[in-house]
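Several structures are given next for inspection.
Okay, so subunit A shows up in both of these, paired with subunit B first and subunit C after.
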Partner chain A sequence: MGTVRQLLLWACLIGLLGAASQVRADDDDPGARAERWQALHQALFPGRSLQDGAGIVKLDAPPRALDAALVPIGIELSGVKAIKSVYLIIDGNPSPLAAHFTFGPKADPHSLKLRVRVDRYTDIHAIAASQDNHLFVTSRFVKASGGCSAPAGSDDTAALADMGRMKLHVVGDFVAGKPAQAVLMVRHPNFNGMQMNQITRYYTPPRFIRTIDASYEGASIFHLDSDISMSTDPVITFGFVPKSKGQMKIVVRDSKDATFDGTFEVPGEGASNPTAAAHDSSNGSASGA
Partner chain B sequence: MLTEQRLRVIATGLLLLGPLTSPLLADTPAGQRGAAPEPSGFWTGPVNSAVPNTLTGGKVILKARELVGLMRQGGAVVVDVSNAPRRPDGLAPGAPWLPVPHRAIPGSIWIPGAGLGEVPVSVDDFFRQRLSAATGGHLARPVVVYCHRHCWLSWNAAKRAISYGYRNVYWFRDGVERWKAAGYPTEVIEPQFAPEGRADR
Partner chain C sequence: MTLGRRAFATDEIQPGIHIRRGVDEDATAQNEDGIANIGFIMGRDAVAVIDPGGSLIDGERLRMTIRQVTQLPIKYVVMTHVHPDHVFGAPAFEKDHPQFVGHARLPRALALRETFYRERLERTLGKGNAGGAVRPTLLVQGHAEIDLGDRILALTAHGTAHTDCDLSVLDRKTGTLLPADLLFVQRVPSLDGSLRGWLQQLEQLKSVSARRAVPGHGPTSVDWPSGAADLERYLGILLRETKEAITKGLDLQAAVDKVAVSERSRWKLFDDYNGHNVTQAYKELEWEQ
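Now for the complex of A and B:
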């Protein structure tokens, strides 16, 4: 899949005159994209009406991605409406529901960042679900292609050995009672089953993160349902409200039912590099991160 | 939408402008810069790269019009060997799996995996059986193989069909992009995977 897209990119690169570079008509045609969105709306939110998210939810994505396997996505929530969860939908991906964040009591639900794989030129939609059960939508058109089949890295074995290591980084100074931003990094290849091993020429079996739970002092910050669209080695930026110094716990589960968890003191020893412990409960080994 | 004829006129004009016109020429039969030599076996390199102009033992079709002729008069069996996304094991139950509908040349059968450089036995067998069923076992029946422009999968699959003994194998080199550019309609088709599911194991 996405084979033509890469090729078209090449055509663009080679063709300085550029006149003949041709995009698959389906993807670049706004009518076809609108039709796709209609189908997804019906499949994902049957019978629900979607309201214009202007002033409530904002989506940041590059118009043209440098790397289709690492497309940075930002979702901002204004706070005008109380939001309970956010959906990220990549229309052109075969598994379009890329992420669903559900906020917990410790969340500061204003800003989320993550990185995703994009398979072809596509609209990307963010939908914010309000506490009073309305859905607010916004979208962006992103030109990127081939992200699903792009290799996760040069060495599948090394990626699997490192799986589950985590780092957490609190942005800026820690002030108890004030919202803070944290950046979570998880080592995981997130193999989606569409990546070919560059040496064996066989497809790498799928293994990807299905859920991430972040909690602070025992109460949830967010629960994330994710999918094969998430990039290799996910990096997620999120907001939380620390009432005091405490412990953040991260639990990651993948499609092989392995669980990895990390516990971080916030603020840690030099808040930018807190201590962490991650273990893979699937094999019982433990390692410092 | 540019018709083939117009493309040809443009390409002929650009030929006169010299070598800087490579991007346009890359899309036309008139100018084939950077065509790859035919490998002796199947191509196992990058799927999306320059393809040859030839296929030993088969015929190359460049124009959509020729393909239409083969389908109408020759009763050609038309095979799309584009890759297809496969629902990965371990996707959460109920997780939506909604690949974008695959638009292809009407009447095609879609056999993903048949054009890999190295195919598992199950896929090889499946491709052979599907071709046999579609041609009614007539090795002289025309078989047309395509995927996308600059895509080796169709070259490999056409070569494979020749190796099965088909005597009239055509490679529609520029694939569905050429078909669409010529203004012909497409239809949504579903992939046919080898049993045991996966074209890749």
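Now for the complex of A and C:
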């Protein structure tokens, strides 16, 4: 995890430098995009070669974002190769590494959906890391602008008051032993700290989700390292394999070191986290931002 | 004033109420972001501008138009909400030292969004032409009145609807309601606040004693409350079909492809905004289920 954090910071720096030196007119230019990707490749996976992900990993994204602050992304894994983790990289974002999912023993690693912010016309890359240590890449070009600087929510106070509320539901019928899809919803503003007005200096400080851990009957489904590119109120769809009815546990930790837990009976009626507990330790290490 | 800028045509929809019809387009260099219905109301002693226009150019042209009609002082510039097509012309009126009037939540919304909107509009219109935000000097919470001399305008600050800072104006003298973007006619509405909230506010506005209303987009005057019928139908369908999609387990992308498509032929710019509206509705309603 320390390594990932370093990668995130690295990626953040690269992104900021890139944003400062790049002219917007270049965003649509394939040459400039390829160059940006080369830089990201070297920063995130130095010395590693990336293989064509065709037939192994597929990325779904709308060609033109309807709402740049909430762009639905789908990642599908064919199962041809055993995959241990998946990276989502939004090349043109201030912090390009948007998500890194690491699958646990209870995962059904075939499909992931999430929602992200996209700041400008950009390539988006998905990279699947196989158990035998190969990296497979695929990409999509998405036209969007302003997803990071556009404020997502309209009411900070309400957003913070409801923070940590979770809902979870299983898609379709629950059959023990068969892979199932679950949709996890988390109330969190995921303030990215980029909405500052130059005149008034009014500024929403960053506060965003760092990690989400999902487990079933005590064993991991996935561990997610995320960053400021995730949309407000993240919604994540993932696969898991329930041997029988059981308990799913979700632990969310944010950049103020607050953690939010949810425990859900699966299958359950429109599960909401009645047992949710927020442990706000934000007076501890608040320097994460 | 820039050489070559000229007054534009307005409809005097009622004695002393002059409205410029905005074009049903998105902002371009050609239309100078003159896409919203904007105008002014004259009393015995003073003039109130109701929405200063979509850019500095648009605002300056509105000011020239006013000065061709009257030399009365411009004492109020009402800014109906945060969107640039309505308020970015405000700097054109600073030399008149009016009260800049807005919803109590407008300063915050402007602070969060102004830079983002301005940079985007500057790319379309060129630096120096876009205009920008002016800090409101008179904030409305609930209800307020302004007196133009033998003509009282009643202002209402609404709950979150089209945006989180919608302000409507009622000219009691002629029974004319100016709900700005709480009313779209012919041009497809854009949802940037709350779908349920908008339906509620519309219900309240329908009971206001007015014979006609000036839509924020569309014709310069429609009968009231019958002029709200199309908007109400669209928002109702958006609500019902988005709820259905969520209940059926359709994900966001599937909902975008399906919801409210029956309305396609009834609205201008439908394809540019409906998907965005569905996205907004979906993220609002998914937490209710």
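We adopt the following convention: the second predicted complex is superposed on the first by the 238 of 289 C-alpha atoms of A that agree within 3 Å, B and C clash if a C-alpha of one lies under 4 Å from a C-alpha of the other, contacts with A are read in each partner's own complex, and residues count from 1 in each chain.
In the analysis below, contacts are C-beta pairs under 8 Å (C-beta built on N, C-alpha and C of every residue); 3 or more make two chains touch, one makes a residue touch a chain.
These figures come from a predicted structure and were not determined experimentally.
By the touch criterion defined above, A:94 reaches subunit B but does not reach subunit C.
Applying the stated contact rule after C-alpha superposition, one finds that A:43 touches subunit B and leaves subunit C untouched. Between subunit B and subunit C, B touches the greater number of residues of subunit A. Within the superposed three-chain model, A:233 lies in touch with subunit C and out of touch with subunit B [touch as defined at top]. In the superposed pair of complexes, A:62 makes contact with subunit C only, with no contact to subunit B. By the touch criterion defined above, A:145 reaches subunit C but does not reach subunit B.
By the touch criterion stated above, A:115 is placed in contact with subunit C alone, subunit B being left untouched. Contact with neither subunit B nor subunit C is seen for A:34 once the two complexes are overlaid on the shared chain.
In the overlay built on the shared chain, the residue A:176 is in contact with neither subunit B nor subunit C.
By the touch criterion stated above, A:167 is placed in contact with subunit C alone, subunit B being left untouched. Across the superposed pair, subunit B and subunit C both touch subunit A at residues 24, 149, 202. On the side of subunit B, the complex with subunit A involves touching residues 20-24, 26-27, 44, 47-49, 82-92, 95-100, 103, 116-118, 147-151, 153, 177, 180-181, 198, 200-201. The touching residues of subunit A, counted against subunit B in their complex, run 1-4, 6-7, 10-11, 14-22, 24-26, 36, 39-40, 43-44, 91-92, 94-97, 119-120, 148-149, 192-194, 201-203, 205-208, 210, 225, 227-228, 254-256.
If you check the complex, the residues on subunit A that touch subunit C are 24, 60, 62, 66-67, 70, 72, 74, 113, 115, 145-146, 149-151, 154-155, 167, 171-172, 185, 187, 195-200, 202, 204, 233, 235, 237, 270. Touching subunit A in their complex are the following residues of subunit C: 107-116, 120, 123, 133, 135, 160, 163-164, 193, 249, 251-253, 256, 275-276, 278-280, 283, 286-287, 289.
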